[in-house]
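Next, two complexes with chain A in common: one pairs it with chain B, the other with chain C.
Up next is the complex of A and B:
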């Protein structure tokens, strides 16, 4: 009882005094690393885009595949992870009344582990010892240091996962019979998925280390690829849940609306946690060793993930319509114009959501067996993930920055900075339409991915790709301008913007909303259901790969 | 009644020949997906029978134990390798599967579940867990083909799958016992 009173007092104090400075420092550290990584990764992205278009020739000491590997790992793994931790730890701190001291320590430990990991990974890539691309598929073998670096990154993430579990559990113990705040529930979903989703890839990396050291002669390539994608696709949905957390919880508050349904948002999280991991199989549609019927059954698993996404789309547009009508919007679509388009905190996530419509449709193309055969090894796929993670997720992250960073730094979002944010969003959108659009189109014409610039001896078909690749280069240039503006905005808001108080926007439920049932908090059940789904999905191919294993492959270094 | 309708739709979907053929073509999917889904369809359809024949259930399944026994017998029968084999080879056995699992396992399970005491519910849980563990030993440990219609690798897969299911049930059981369930009420 005493503890409960203390906890409630701390929450009230938290609201009155604003951000907890120690927690803010932690989040700012993660966000700083995140945006420095974005800058480096963005520059590498431009280099790569220009090289791929034949507009630039990289020097011998920094080849295309090094740049491609670094760009992928820095942005897909490090930028997104550090941002997610920075944002969700701030969210957990705000909604659960501050982080526990030991949780804060765990997050700092995670921070150090991740930094060590990133350093090891980057060093090996720069030394040209790890041009294995971000998927590091065997039999391509990197230096063992590269894999050890990845282990450190994963350990760092796990430390943060357990931190959230402890803090969440602590809150529940002190708030018996209460439903946790929605943002904390989202955070729990993300970290549960992160921990269990990364078990597979950790197993993979732990087998790659002795193999790359020469202690073990061969590796089972198919098992490795399968373990990788059990994580790879989970990561995709981790980004997605992080983005939707802002859509469900924050955006309604910013536009003056209410949360559509607390229960529905939680159901989306639970469904994604249970169903998501086996979705990785649709990345392996053209892999040998998995029978057609198993692949066909897995299409159901992948499409089932589309279901919560459609629920989200429905809920979000309902929120927009209600808010727009409240602001005086009339007629069928009058509410659309009333939305605060000039506010970057709304504009960026809104563009992100709109981008998710073609991105999701493209995703269904990728999941479908026959259509995947056409696009699998082409730039279409690159276009697809630049539209999903590069737009739907990243623009939401950017939008979050414009309130989260001033909140953490006890500063204000100035109208000028808001305007810069709007310009940045427009530049990013145009850049991405050009780049991702041309990648999609040229992919349909057969332009391969994961390949440096080549005209295949001036073959006519290959030459027909070149104009699209130029457009891709122009898009990449605009995107780097976008990155520079964003990084400037982040550090300006963190250190130089005028002092003041900024609110952590948390949407409130409708007045007549029904209470959320407490059984949604049964994380033990959700986790066991997830494990069951994973076991049933993986047991068929994995047993087959192991029982009918080919001789295995020794490490191969093609560069 | 909506639930019974969904149950019926699921049932019709499952007995469609292409769906049944696909699910039965993979041994583990046959046992751990098709069969539980058939039971589940009966579980949903049970509402219709409960409303239509309340006196029948009141008379024959007063305390839930007869229903529980029927469920356990039918379900255990379908765990026998030969039963699965015959379902594929002999049409009549296949029809029996489509009738027995939903109507003689799913329906009585639904009717009994609420009538059973915590001990009864726990008994079903532990029984299923033990059967899965036993199946894991049987299917992983046997070094020869025990079903004519499935390869040895399929049977090993089924064994590992059963082991995983049993492990998940044990994990759930442990967390259920060691966490304070009143926080969810």
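Up next is the complex of A and C:
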């Protein structure tokens, strides 16, 4: 009882005083690392784009695959992870009445572990001891230090996962019979999926360390690839839940609307947590040694994600339509014009949502067996990835910055900064249309991914790809300009913008909304269901890979 | 009296208009159509390359 009163008092104090400064410092630290990583990864991305277009020749001490590995690891793993932790820890702090002191310590421990991990990974890549691409599965072998660095990164993430679990359960104990705030529910979904989704890749990395040290002669490549993709596939959907948390919870408040349905949003989170992990084989759809029935199961599970995605599309259109009509929008689609297109906090996530339409469609193409044969090892996949992560997720992250960072830094978003944000969003959108669009098209013509620039001895087919590759290079250039503007905006808002109070925008439900049933909080049940689905999808094939193991592979260094 | 009734009716229409989700249904249908068109286009490409 006493604890409950203390907790409620802390929540009231939190609301009255604004952001908790200790929690804000934590989130700002994560976000700072995130955007420094974005800058470095973005510069490497331009180098990669220009080299792949044949417009730039890298110096002898820096090879294409080194750049590709660094670009991938820094942006896909470090930028997204640190942003997610910075943003969701701020959300948990705001909605659950502040972080518990031990949770804050766990998050700082995670921060230090991740920094050590990143340093080890970067050192090995710079030393040209780890050009194993961002997927890092065998037979390509990196220095053991690279894998040890990855272990540190994972431990850092786990520390943050358990921090959220503790804070969430603490709130629930003190609010018996109450449903948690929606943003905290999203955070719980993200960290549950992150922890369970990373178990497979952690097992893989722990087997790669003795193999790379020479203590073990060979490794089972099929098991390693499967463990990697059980995580790789899940990671995409972790980003997706992070992005949708802002779409469902924050965007309605920014546009003057209401959350369409709290229950529907929670159902989407639960479905994504349960259905997500068993889709890994759609990345291995042309791998030998996996039965068609198992591949079909994974394809089905991957496509099942379309269901919560279309629920999200409907819910978001409903939020926009109701908000637009309140602002005077008439006719079937007239409400669309009434939305606040000049507000970067809306524009950036809105472009992200629009990009998710072709991105999702492309994902269904990728996961369909026959069509995957057309695009599997081509630049189409790279284009798809830049549309999903590089646009739908990253533009949402950028949009979040324009209210989250002023909120954390006790500063204001100025009209000038808003204008700069709109320009940045336009540059990013045009850059991505050019780069991702040309990658999709040239992929359909057979241009391979994971390959440095070559004309294959001036073969006609390869020469026909060159114009598309030039467009790709132009797009990459615009994207780096976008990165520079964004990084400038982030640090300007963190340290130099005018002082003031900024709201953490949390959408409210419709006036006539029915209460959310408390059974949606049964995380134990959702986790059991998730583990059952994971077991259904992975136990049989993994046992088969081990019992009928293919010849093991020694470590291979191709560079 | 008639004017009051007309006003109430107009207010009711306005409230219904704000609650309308017809545009949402059409928009979601457009999303579905994009997915189907893209899928069919690549499947056609696959078939022509067989």
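Operating definition for what follows: the second predicted complex is superposed on the first by the 559 of 559 C-alpha atoms of A that agree within 3 Å, B and C clash if a C-alpha of one lies under 4 Å from a C-alpha of the other, contacts with A are read in each partner's own complex, and residues count from 1 in each chain.
Quick note on the criterion: a contact is a pair of C-beta atoms (placed from the backbone, for glycine too) under 8 Å apart; a residue touches a chain by one contact, two chains touch by 3 or more.
Small disclaimer: the values here were computed from a predicted structure and weren't measured.
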Chain B versus chain C as contact partner of A:559, first or second or both or neither: neither
Chain B versus chain C as contact partner of A:296, first or second or both or neither: first
Touched partner set for A:176, first chain B, second chain C, both or neither: first
First, second, both or neither for A:495, with chain B first and chain C second: neither
Which superposed partner A:374 touches (first chain B, second chain C, both, neither): second
A:307 touches, of chain B and chain C: first, second, both or neither? neither
Chain B versus chain C as contact partner of A:456, first or second or both or neither: neither
First (chain B), second (chain C), both or neither touched by A:521: first
Chain A contact footprint on chain C (complex, rising order): 17-24, 26-28, 31-32, 34-35, 38-39, 42-43, 45-46, 49
Chain A-facing residues of chain B, complex: 22, 25-26, 28-29, 32-33, 153, 156-157, 160-161, 164-165, 168-169, 171-172, 175-176, 179, 182-185
Residues of chain A defined as touching chain C within the complex: 306, 310, 313-314, 317-318, 320-322, 325-326, 330, 332-333, 335-336, 357-358, 360-362, 364-365, 368, 370-371, 373-375, 444
Footprint of chain B on chain A - complex, ascending: 172-173, 176-177, 293-294, 296-297, 518-519, 521-522, 524-525, 528, 531-532, 535-536, 539-540, 543-544, 547-548
